[in-house]
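The following block contains the structure, expressed as structure tokens.
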Amino acid sequence: MAKVINVGLLGSQFISEIHAESFASVADAEVMAVASPSPGHAASFAERHGIPHAFTDYHKLLEMDEIDVVTVGIPNHLHCQAVCDIAAAGKHVVCEKPLCMSLAEADRMIEACRKADVKFMYAEELCFTPKYVRLKQLLDEGALGKPHLLKQCEKHDGPHAPHFWDVDRSGGGVAMDMGCHAIEFFRWILGRPKIKSVYAQMGTHVHADKTRGDDDSIIILEFEGGCIGVAEESWCKLGGMDDRAEVHGSEGVAYADLLHGNAIETYSRGGYGYAVEKAGDTKGWTFAIYEEAWNYGFPQEMAHFIECVRDDKQPEVTGEDGRATLEAIFAAYESAGTGRKVELPFETDAKRPIDLWLRE
Amino acid sequence: MAKVINVGLLGSQFISEIHAESFASVADAEVMAVASPSPGHAASFAERHGIPHAFTDYHKLLEMDEIDVVTVGIPNHLHCQAVCDIAAAGKHVVCEKPLCMSLAEADRMIEACRKADVKFMYAEELCFTPKYVRLKQLLDEGALGKPHLLKQCEKHDGPHAPHFWDVDRSGGGVAMDMGCHAIEFFRWILGRPKIKSVYAQMGTHVHADKTRGDDDSIIILEFEGGCIGVAEESWCKLGGMDDRAEVHGSEGVAYADLLHGNAIETYSRGGYGYAVEKAGDTKGWTFAIYEEAWNYGFPQEMAHFIECVRDDKQPEVTGEDGRATLEAIFAAYESAGTGRKVELPFETDAKRPIDLWLRE
Amino acid sequence: MAKVINVGLLGSQFISEIHAESFASVADAEVMAVASPSPGHAASFAERHGIPHAFTDYHKLLEMDEIDVVTVGIPNHLHCQAVCDIAAAGKHVVCEKPLCMSLAEADRMIEACRKADVKFMYAEELCFTPKYVRLKQLLDEGALGKPHLLKQCEKHDGPHAPHFWDVDRSGGGVAMDMGCHAIEFFRWILGRPKIKSVYAQMGTHVHADKTRGDDDSIIILEFEGGCIGVAEESWCKLGGMDDRAEVHGSEGVAYADLLHGNAIETYSRGGYGYAVEKAGDTKGWTFAIYEEAWNYGFPQEMAHFIECVRDDKQPEVTGEDGRATLEAIFAAYESAGTGRKVELPFETDAKRPIDLWLRE
Amino acid sequence: MAKVINVGLLGSQFISEIHAESFASVADAEVMAVASPSPGHAASFAERHGIPHAFTDYHKLLEMDEIDVVTVGIPNHLHCQAVCDIAAAGKHVVCEKPLCMSLAEADRMIEACRKADVKFMYAEELCFTPKYVRLKQLLDEGALGKPHLLKQCEKHDGPHAPHFWDVDRSGGGVAMDMGCHAIEFFRWILGRPKIKSVYAQMGTHVHADKTRGDDDSIIILEFEGGCIGVAEESWCKLGGMDDRAEVHGSEGVAYADLLHGNAIETYSRGGYGYAVEKAGDTKGWTFAIYEEAWNYGFPQEMAHFIECVRDDKQPEVTGEDGRATLEAIFAAYESAGTGRKVELPFETDAKRPIDLWLRE
């Protein structure tokens, strides 16, 4: 029987719920502790998920010898310090997207993990999403010929937590929050070629009362080899979550819709409990999703990392990938701020991506 | 760590492949042996799946003390004897659909398992299919009101193995091969009310050169409480497998399509490896399925049975359920043979369902 | 320039609105008069559509020499007398579905038109519905091989006018009101083979407080040559009108959905004016239909009849077709009443189809 | 009875076929003549459509007194002279898209029609496409709130005629050939606000062996009031024509697919005659379109112009609209050439849009 890998979670909100659920279906992993600074949050989270230890100070969690892996599911501006602390404690790291606030922070995190010789996974779940994994296989087996256009979008009606509206804490709007998915998705599905340039169109169309960040963005990337990636991100889309990808090639084309197809078309006069993320009301027509975490690949992602730790393998998505994505996000905000296509590599000492667009 | 449950497989064809794959993802189960009478089949199957023991005579497999559970994935006319033998060996049984050839056989199998005090699961995977599980939840939570019409269909271009064409071995055509899915699906989703009557329309439209069995059937069931079930089964449907269900209720309606939505819409000029069961050519437009076993609920089904064995619980679908389904299948063939709605309970000493339709 | 054909309308409700709209797009037809017994109805209808003459007594309309064609859009139990009167006045007739209340009435109407030598079109618009016309072409050009299974359904949440609930005036429930569409559709698409048998399952599931008629019905027809037709009709389907057809053949299969595809997928937080027939609320997700009359083929149907009158041709759908459909409806109610497949030709002196099911 | 308007056609290829068919369904229009320089083309076209007069020299057509309206369906680089000649002959003009080769040409054409006091319609059929007309109504009636993002795409596997590959005759690639549809569509649906800026990404991905023009383009437009338009155009998309639009607003979202929904989902083992534009093979799955011209709005467009001529009204889409679209196309090529967002108004004396991208 394989050794069980023990896990600690930093954070107790939306994404940490998904982490806890995901590890629950990984046979040889066990969540041993959770940490969250808000009084009571960690304790109630631990109780809900049957986790033995709960802390308000994550350093206590890092002191637990039996913990092998720590996941980072806290606000963006706290990622860098947390990852460095985890590495220093000699534990393997899973860090949520986007990686951090600045390229300097990214370098620091990568270096900390390298020096401590711990594994560092950048948690881009789209690289594990079953439908997208199949899409990559179609491309890889030549069903579509040489790709020239990729599209991926993620759209819903607003972020999970209010701190996303505050660009001081989030570093950017929807292009940062969800554009990072598309960028890493494009890199991964193409086998990680270099990004040659980035252009972005951004606006604050619907939520200007709540944020200075962009709430609807289009990002165009040119990759080495000539393929184009178009990312569409929105916090202005009503009627339920949307997550779709397209691959257009010289010999074919493929369309993958993560949610609408994988759902039950439902009409309910009176409404019901839960249809899908951001569905709004469930009266009338809805599309009822099922096995949501599996559908996105979260448990598969965590199982992958557990396997990497156990068998000493490199994760599919690394801190370097997170950094490359972040670099493209900085370039996107620079482009939205200047109206120009921005060539990569792009260096900047900006503290947050959004500063390059707001330019106050 | 939970005790590992050891499994033996009878059969080495299509469905046993699925059994092996499914147990591979069940953490606390391990397939220890496989048996198949055709020389070499079991051995190559065992090698392909990393199974330690292979036999041509399944009695050898039953002699292995360490085996806890045995699955039956062999032709219909061999089910009864195999299940009785397994029970006599004191092992828990998973028996594939349809349960067996006659109601007398069903009674014998149920009694054998009862007497040996072993668990007996009738392997109707639709009760574990994630999309249909969600559909049942929608119904159960009241989203659709009181149901008055259920539909379920399974359609493709012909059975997996040639022995299905031979009614002496299969006992019936498509109404028996796939109608059993719909019947148990209806019973399960409604909470297993009694079936009041069955009417069936059957024909041999396209494959009369290969079989005397029905290749396209429509079965209408009336349930206690007034709900109607309409099952459509076909071996004449080109263009890839079709498996869909609908629930129509007083307060809403829901449509669940197992394959088309859960797939990547793909156009490939040159074609590619595999799209979906019975897809035919993969040139042009296809719908590329992914995680096929999971999509149908096979691993979930096997995990459920392992849990039942380990924790001494009653399986979700029992031999009695298999018998009730078979009774409705007999009634369906009787109806197709007489042009009348057949009331249940229906008793018959027919040896095979199809005899009631062919009436030679 | 072609001679203009002058039209009179009997009736001022739902279907007569469609008649008026449809003739408006037929270049060489002009609606000259409308008759409705309810005081004020004809006058306001005439004003709304710019029709010069309005009557409460339709005999006055029939006295107008300049009128060439009269359409019958009044309750079912008044069809027979109206058609006989129109024929006696020497005018061509378009009679709405279902043809009339009994087979004896049908014979009387057909004979009256034959004797008066006027054209008699049975207004089954599905024979002119553009998508279904294309579907017939696919079948006729061999794209699908030999057909073995046809399906057509029409489902919504209840009839347009309260008199449909009263079986004394309507003669039957949803199997009569909408089953007639499917039956004539099957006959037409197959080239009008004889119907060999009819089986029907009927129930009053949701509207028992309002009617003794069936509100959900399934009708299975066997045609000469072996093809099966399955008609599904419902007055219990929420969430908007549904009208679909399928043709399953030895060489292919085709699916035609009249409404969902031909619509704009729309999410509106606040709702809007009109989405589609029986949509219910327009808040949330709806499918917004457009050019509704054209989509169903109503203007095409009327243009066809005008052409028949002008060029002295036989209509595509005749009184005899209406009678054949009605015969199948009678057989369907007989089947639902007896639980038996009913062979055709079926003779009955029942006054209304539903009497054969209710059998009080 | 209304006066009949007599029509002459310049051109005898793809689009002129559509013009002839479209006028055939306009009650008060009659095509009297066709002109095409290729020997025999006009004559055989005339015979096919029952047109009384055929010319190789279009000046002969313009000399016919009885002709009221002339349509221009010839290669782009001949539009300007033809329109000026038609206007000089005192006839009303319908000019196909794109309007012409340069902004100077556009000015000349508009001025010629103004001076001759003839009506000038820029033939953007999307403004008459029934599904898009309904989409505009949804937006106008407030169903979607304030729009912030519009999308429209047109994609297939290459142009109708080889002269499109030759940028000397076409003036540009797919951004010019089909981008003009999207640009005018956006202007029209928004009520024709000013375009503030244009950004474009262009490439020659698949057809570099045949053309120097762009075969896959993405154009982003900013409109006064803040709405963004994203046009996607491709000559690299296999598997049949694609034409879709989306409107994203503060209160809702709507998706309109011109082809896939308005089609019959068809699987044919042996294939059949015609499925849809650029479908490739019809074996396997296809989507069979029907009433194609109507679906795109061509007859409606021509009926509209006939009505404008007869009733002396301004066309819905004018030469000025064609010019505004062309200005945006020039800006798009300038943007693709410079990697910058281009502000409008944009003045250029470039002879052809593509020169601003190729910059040789």
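Here the chain labels run A, B, C and D in written order, and each chain numbers its own residues starting at 1.
Operating definition for what follows: a contact is a pair of C-beta atoms (placed from the backbone, for glycine too) under 8 Å apart; a residue touches a chain by one contact, two chains touch by 3 or more.
Keep in mind the model is a prediction, meaning the values are calculated, not measured.
By residue number, over half of the touching pairs seen at B-D are also found at A-C, the match among A-C, B-C or A-B. Chain centres computed from CA atoms place D at the largest separation from subunit B.
Centre-to-centre separation of subunit C and subunit D, using mean CA positions: 39 Å. If you average the CA atoms of subunit A and of subunit C, the two centres end up 55 Å from each other. Residue positions of subunit B with contacts to 2 or more other chains are 238-239, 251-253, 267, 269. On the subunit C side of its complex with subunit B, the touching residues are 148-149, 197, 199, 201, 203, 205-206, 216, 218, 220, 222, 226, 228, 230, 232, 234, 236-239, 248, 250-253, 339-341.
Within the complex formed with subunit C, the subunit A residues making contact are 238-239, 267, 269, 280-281, 283-286. Per the touch definition, subunit B reaches subunit A in the complex via residues 1, 4, 27-28, 130-131, 133-135, 138, 141-145, 251-257, 260-273, 282, 288-291, 294.
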